[in-house]
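What follows are several structures.
What follows is chain A paired twice: with chain B in the first complex and chain C in the second.
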Partner chain A sequence: MDSLIKILPTWIAFSPLLGFFCLLWVPRNRSGWVKGVGMLSTLPPLLLSLFLYQRFDFASREVQFSHTFDWFHIPLPQGQTWSFSYSMGVDGLSMPLVVMTAVIATLAATASMYVKKRTKGYFLLFTLLEVGMLGVFMARNLLLFFLFFEVTLVATFFLIGIWGLVHREKAANQFLLYNGLGSAFMLIAFIGIMVLFQTLDFSRLQMVLNNPQTQMALASQPQFQTLIWGIFIALVIAFGIKLPIFPFHTWMLKVHAEAPPSVVMIHAGVLLKMGAYGLIRFGVELFPSQLREAAVVLAVLGLINILYGAVLAFVQQDLRRVLAYASVSHMGIILFGIASLNVEGLSGAVFQAVSHGFISALMFFFIGSLYERTRTTRIEELGGLARSMPVLSGVFLAGGLALLGLPGMSGFVAEFLAFLGLFQTQPILAACGAIGLILAAIYTLRAVLGTTFGPDRGTWSGPADIRTYEAAPMFILLALIVLVGVYPGVLGDPMQTTLQLIVSRIGG
Partner chain B sequence: MLENAWTIPLFPLVAFFLLLFGRKSWGEKAAAWVGSLAAFASLAVSAGVLAERLSGAENSLLSFSWLTLGETVIRFGIEVDPLNALMLLIVSLISFLVHVYSYGYMKGDGRVPVFYAYLSLFTFSMLGLVVSANLLQLYIFWELVGVCSFLLIGFWYFKPEAKQAAKKAFVVTRIGDIGLFLALLLAFWYTGSLELGPIFAAVEAGQVPAEMVTLIAVLIFVGAIGKSGQFPLHTWLPDAMEGPTPVSALIHAATMVAAGVYLVARTFPLFEASPVALDTVAYVGAFTAIFAASIGLVQNDIKRVLAYSTVSQLGYMMLALGSAGYAAGAFHLMTHAFFKALLFLAAGAVIVALHHQQDIRKMGGLWSTHPGIGWLFLIGCLAISGIPPFSGFFSKDEVLASAWMDGRPGVFAVGVVAAFFTAFYMFRLFFLVFTGSFRGEGNRGSVPKSMLWPMGILAVPAVAAGFVEYPTPFFSRWLTEGTGLAAEAGGTVPLWLPVLATLASLAGVALAWAMYVKRVLPADDLTKPIPWGYRLLKNKYFIDEIYAKGVVLPYRWLGAFLRGFDRFVVSGLVRFSAGIFRTVGRIGSAIQNGQAQTYALVSLVGLVLLIIGLTAGRLFG
Partner chain C sequence: MEKYLLDYNWTVMAPELIIAGAAALLSIIDLLMKEKQDKRVLASLGFVAVLGALYFTVSRFGQQPYEILGDTYRIDDFGLVFKTLLLTGTALVLAVSLQEAKRKEITAQGEYYYLLLTALLGGMILTSSADLITLFVGLELLSISSYILAGIRKRRTDSNEAAWKYVVLGGVSSAFILYGMSFVYGLAGTTNLYTAQERMAEAMGNGMESFVYLSLFLMLFGFGFKVASAPFHMWVPDVYQGAPTPVTTFLAVVSKTAAFALMIRVILGGYLFLFNSRTAEGLELLTTALLVLAGLSMVIGNTVALRQFNNKRLMAYSSIAHAGYTLVPLATLGPMLFESTVYYLTAYLLMTLGAFTVIGIVERNAGTGDISAFAGLSRRSPLTAAAMTIFLISLSGIPVTAGFFGKFYILINAVATQHFWIAAIMLATTVVSYFYYFGIVRMMYFRPPVLEGKVKVPPASALVIAVAMIGTVVLGITPQWALEQLGEVNWAAALSPLNGGAPPAQ
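Presenting the complex of A and B:
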């Protein structure tokens, strides 16, 4: 039993495959069965990751449930071999993201009931996507990380390209173009690391890089410095596209606008967070001194993201685009947290990753159910929805309040911590960023009040208010948002030890 | 009792959940009962706490850890010192009375349970705000009362004006909130804590540079400016009158808008340590007092006159605090809560009696049909105008005295003129509504009993609350006990001061009487010589227009510009890079057929690249 628990991350990452294989047996024309099995297939990873949360030792400084197997070797002519290992594990940084991924995947599967065509293919890809996402957060080997990362890319590409709206193919192509470019940068960086350090194993890399001897050796040779910087910049670009950092954000606008809402729940909720995770995992953990020197640049980029996204969210006519630019703005807060390089700021970045995951999942669940009823998400065509759909409108309002960072909800804790962190190192930039909190209120209220308040147009008197199968996921998300907002320790405690360790390494 | 203070905010919170989730099953009456009972429970415990405080118990502090960050632990807590205890009683008393009153006012609205749910949530947040012992915790409740205010202003969501007003209230107060937010971040890095006690201790010990104390204090005051409707962030408060009148009485007159004053009083040790901050508070307060009072002179909507009056009176409180009159500011906060809530509730009764007519030009002669409301309104007017021995006389006197004794004759003079204005516009209101002949149409309806008796109760402290400070300054001594703050201004207040203040008020009453009862001085004759002056006041100094043209419009332009920028310049970057890829792709498609499936091979291509990389690595190695 113990040996089974020891490889829990592997179980979690591949548990969606159980559903995948069951789905293969379900005839494609039995749509109800397909949806049922598809939704159930997200339960094993959810239960296992909750089990992981329960078994996770908050105080441990080690990577937990870590296990490594030899994978394959490439013999080199000079008698050396390059060995690649399969290595998985979780620490305080990845564990919250794993749990968040499993939760959002389950709820997004519920939201997938709005999918009308080719449900079997949809759910097959959906389960693969979940394998990729869970794997990304738990892989302890760079090659493994890269493979999981690519799985999410391919799955998302088809999910957008086949099940999206009218311009789905264009959106999917742009998605692939940008993310392919990002993957190329990541690959270059990983190859560089392999060449320099002869290993892609994360723990060994960390040991080597934190070794004073290596640091001396690196410092003494300027061409190594250049290489390291090149690797670092390639990594920042790779994850910056994913996050996204301005000006690499245009691809995700199309995804927000064209992909089916259930896929956007995953996309905005989890996939963007892979960028944040990568920046912390590879940027902060492997190259702390480079990151420290680049911190001001990151903070400035964060400021641009916050303000640029907020202003543009204010002028959009489509609710999906409002939320897309809101995401750009919120990802700036993650950059703020990372750039501060202290426990407060890094906590803020992780809080923001998780909180924004829940909030955008909630918002796009709402968008999905709204579109189901009104066939439009344009603000000027909506208005006065509170009359005919009071509960749905209430949920949207609550989600909006979370989005603008109302205290008592998760977004506030994240913003507070990120600003607190950056205030120590870059008070002026942080103070400028605080303007974003005002702008967030402006664009959110415009969008929310524009659709739900105002005189009843009478156009939407037909559609029913919230249904039970919609209410349950929405209220679960709201409850999670409020839980993290009221009792942030539930999220903050597990990651404190790891973050403290990371920060102490930066300092040393 | 003090150790049970933490239960005070919980009753309304429970009521909120009961009402929200049971809104379909509760009837109007049941909802009113649930909300009112919860508020009454809070009131009962608050009264017990205050009684214990009055008998001189120790300060009680209850705290628990909220979030651990590395080595820092953020602790939240509940504190009961005299100021908290006083605020608890004021908030829970007025909240309870407004809950009862609302039953009559909101009858037949259809969403009464939701209304009571919001009202309960507000009461919870406000009570939570006043017991907070931590700046962050205070900020959390600070924002929560703001959102409740937003929800209640926009309660009639289908009215476009209500929607606009709600949005404006939220956004404008948030501008101020950012000040408070930055203040608490600064305080954390300079004192290592967010708890009030350690912050004050660090400031007192001189650990914080003087200019930082000033910055923190001024930023806190920016928060207070937003919440308490001080110039230049006052514009949301008059618009907030779009909400139901009980809400105006509770939130936008007696409690939430006074939170800014409370905040300055709560963090007074910071202000005391910074003369610049004190000056800022005094001057902004004084300016707001006269500025809002002058607008109030010419408004015709009964609730808007009261709203500008509220802004002006809040300026009075700030003026007192800025003049080192800690006790005077808190004293005026208390009396104002009573008489302004009374005035708003009475105005609500007038509005109900006239079938939701709010224009005072279409009122008149109400004394003959509704003498009860007339008496209550008159009491409120006498109190706010500072006519002895009503409560407002004593508190206004203390405010003016602290300005004079602090060596601020200019501020003092402004205060006296504002007192004259106040008396004038209040009695203008009273005479236009209750005397003369009825100028409206239709019959005048009756007002339910459940609306009358809460007003009757409020009238008692509106008349008599001043005597807590007279003949002995019991109130200010109790309030400042153990705080190290001065109870009264040093030296003796000159005897002519209250006389002058009273004369100014009486002059205002007399002028109103001459203009609107005797009509020896018709209003038109006064405005004719300076038409632009009248227009300036009538249009509230065009502040809203200035903001619309100077802030909102440029922001829209910026948005439109960036929209184009994003579409053409940033996306142009995409097209450019896409062009490069397309060229590469064309070469590729010369070999392959270019089917969509090939995209699936991207991952494999990655592996191929990896192998190429390996070879390249060998060359380097």
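Presenting the complex of A and C:
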């Protein structure tokens, strides 16, 4: 039993496959069955990850549940070998993200009831996507990380391209090309790491890199310095595309606008966070001194993200695009947190990752149910929804309040911590960034009020207000948002030790 | 000591003898059969012969290198590895051909089968030659058989055009190789590759550098043509498009693999002294030339493929691009040169064979070679579409497939030898290639079907697809087994002459 629990991360990552194989046997035309099995298939990872949360030792500085198996060896000419291992584990940084992923995946599967065509293919890809996402957060080997990362890429490409709106193919293509480029940068960085340090095992790498001898050796040879900088920049670009950082963000607007709402829940909720996770995991943990030198640049990029996203969110006519730009803006806050390089800032970044995950999942669940009724998400065509759908509008308002960072909700905690962190190191940039918080209130309220108040702009067919199976997931998300807002310890405690360890290694 | 023919240990040539015998036998049986008779029994015979040869090839692994026929023919691990690939590829092509022939598309069925075998024989001779003359005989046997195969649908103009272009351009490239070889003979006074190497090293010291380089570059032109790398790629799209699909598969998989064996053997076996020479100049020149070939192939192959709407033309440009990737380990002289080249060629064999098999089935069903033939395949035949998706993902180098791991392996070579530019070009063009590979995926999954009904997959083709698919996925997830096998191979034996040329005591 203990040995089974020891490899819990593997169980979690591959548990969606159970649903995958069950789905293969369900006939294609039994749509109800397919949806049922599809939704059930997200439960094993959810339950297992809650179990993980419960068994997780908050005080431990070690990577927990870590396990390593031999994967393959590449023989070198001089009789040496390069070993690659299958290695999984969780620490305080990955644990909150794993739980968040499992929760959002389950709720997104519920939101997938709006999917009308080719449901079997949809859920098959959905389960694969979940394997990829969970694996990304728990892989302790860089090559393994890359494999999981690419699985999400391919699965998402199909999910956007088949089940999206009118311009879905374009969105899918752009998604593929941008992320493919990001992956190329990541791969070259990983290979560079492999060649320089002879390993891709994360824990070994950390040991090698933190070893004073290595540091000295690196410092004494300018050629190595250039290589390390090259690797570092490649990593920042790779994860910058995913996050996304300002000039690389166009693909994610398209995805927000075109993908089916349930996929956007995953995309905005989890996939973007892989960029944040990658920046912290590989940027901060492996190359702290490079990151410290680049911190100002990152903070400036964060500022651009915050302001650019906020300003453009204000002028958008479509709710989906408002939320897309809001995501750009919120990802800037993650960059702020990372650039501060202290415990507060990094906690803020992770808080923001999780909080924004829940909030955007909620918002796009709402968008999905709204589109189901109104067939439009353009602000000018909506209005007065509070009269015809009071509860749904209430949920939207609550989500909006969370988005703008109302105290008592998760967004506030995250933004507070991230700004607190950055004010210690870059007060001016942080002060400029604070303008973004005001703008957030403006664009959110404009979008919420424009749709829910005012005169009715049309009569909508379909069910009038929220239904139970919509209400349950929405209220769960809202509850989580409030829970994190009121009792941040639920999220902060597990990651405190790990973040302190990271910061102590940086020596900042 | 005088040596007679029968003093040699002929069993080492068992694979070649089997194939030669089978080709002869098939041609005789074909003569005896009536014209209208079903010739598929020939295919089965050929298949059995190939499997037999494969058995003898594999059982020879791990033994001492052996030279036969006055040191002109050399059985070593390097050649055996490539022969294994060639035989596997041909066996699978033969299995697919069964169905193609049933369609009566190829009128000269008998010829078709035994020409495949002679082409294979040529490829096998090519991988094992230690002498320029044997080498050239092997090359021409492969080439001439391929010319006829490309034009075997003699009533179709595109097939004729393909054969015609292939003959003319192929002839030119052979002439280049021959001309280069003549310089080698002029410098060394011998046609034995390994002796020539020693003598050319001396010639280098005597102020004959320019002739050494001339011989090398003349041959490089020819090799560039045979492996289908840019800028010698003009023939590829037309020939790939015009030839019958199984022949295209054979050209893409078997011919290319044999040509890579030839290239590596001649460059590393014949010009090894360039790597050890006191001046790095020669090495620099060779590396640069190969890098240019590789880089150009990747760029031209991947960008021109973007504008292709015919499946086979698209695959032709893809094949040019892959020639570029495969050249990288040789060009950078990476630490894992042999292993990564062979790994990539294996991956390439599996995914290309699979993709061409599916293309053949789909084209036959739709009656068009346009990529729109794939429209809506996922609804008409979900399993075939899924298999094709895996092949395409592998071709575009995305995990978890053999294509990804092969590229990863190649990239390690490039980065380890600090050739960052070629690594960057490789990755950038790989991203470009997503666009056209996923163009077929888009057709299969995003577009509604034009035709009704299921696409019928003949059992033999289904088997080939399954083998290719399983191979592609397994080599992508757990490369350990393949790496172990490659690690045990004695590659260095391919580079050095045997002791005094005398056969080791048995």
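Things worth noting here:
Just so we're on the same page, the second predicted complex is superposed on the first by the 503 of 508 C-alpha atoms of A that agree within 3 Å, B and C clash if a C-alpha of one lies under 4 Å from a C-alpha of the other, contacts with A are read in each partner's own complex, and residues count from 1 in each chain.
We adopt the following convention: a contact is a pair of C-beta atoms (placed from the backbone, for glycine too) under 8 Å apart; a residue touches a chain by one contact, two chains touch by 3 or more.
Only a predicted model underlies this, so the values are computations on that prediction, with no experimental measurement involved.
By the document's definition of touching, neither partner reaches A:Pro27: not chain B, not chain C.
Residue contacts after overlaying the shared chain place A:Gly79 against neither chain B nor chain C.
Of the two partner chains placed by the overlay, neither chain B nor chain C lies in contact with A:Pro212. Of the two partner chains placed by superposition, A:Pro222 touches none, neither chain B nor chain C.
In the superposition on chain A, A:Trp71 makes contact with chain C only, not with chain B.
By the touch criterion defined above, A:Thr250 reaches chain B but does not reach chain C. By the touch criterion defined above, A:Leu177 lies against chain B and chain C together after alignment on the C-alpha atoms of chain A. Of the two partner chains placed by the overlay, chain B and chain C both lie in contact with A:Val154. Touch criterion met: A:Thr452 reaches chain B, while chain C stays clear of it. Residues 74, 76-77, 143, 146-147, 150-151, 153-154, 157-158, 161, 176-177, 180-181, 184, 187-188, 191, 194-195 of chain A lie at the contact with chain B in one complex and at the contact with chain C in the other.
Residue ranges of chain C in contact with chain A, taken from their complex: 335-336, 339, 378, 393, 398-400, 404, 408-409, 411-412, 415-416, 420, 423-424, 427-428, 430-431, 434-435, 438, 442, 445-446, 478-480, 483-484, 486-487. For chain A in complex with chain C, the touching residues are 70-77, 121, 143, 146-147, 150-151, 153-154, 157-158, 161-162, 168-169, 172-173, 176-177, 180-181, 184-185, 187-188, 191-192, 194-195, 230. Of all the residues in chain A, the ones that touch chain B in their complex are 74, 76-78, 82, 143, 146-147, 150-151, 153-154, 157-158, 161, 174, 176-178, 180-181, 183-184, 187-188, 191, 194-195, 246-247, 249-251, 308, 311-312, 314-315, 343-344, 347, 384, 386-387, 401, 406-408, 412-413, 416-417, 419-420, 423-424, 427, 430-431, 434-435, 437-438, 441-442, 445-446, 449, 452-456, 487-489, 492-493, 496, 499-500, 503. On chain B, the positions that touch chain A within their shared complex are 65-70, 72, 136, 139-141, 143-144, 147, 154, 157-158, 160, 162-163, 166-167, 170-171, 174-175, 177-178, 181-182, 185-186, 188-189, 555-556, 558-560, 562-563, 566, 570-571, 573-574, 577-578, 581, 596, 599-600, 602-603, 606, 609-610, 613-614, 616-618, 620-621.
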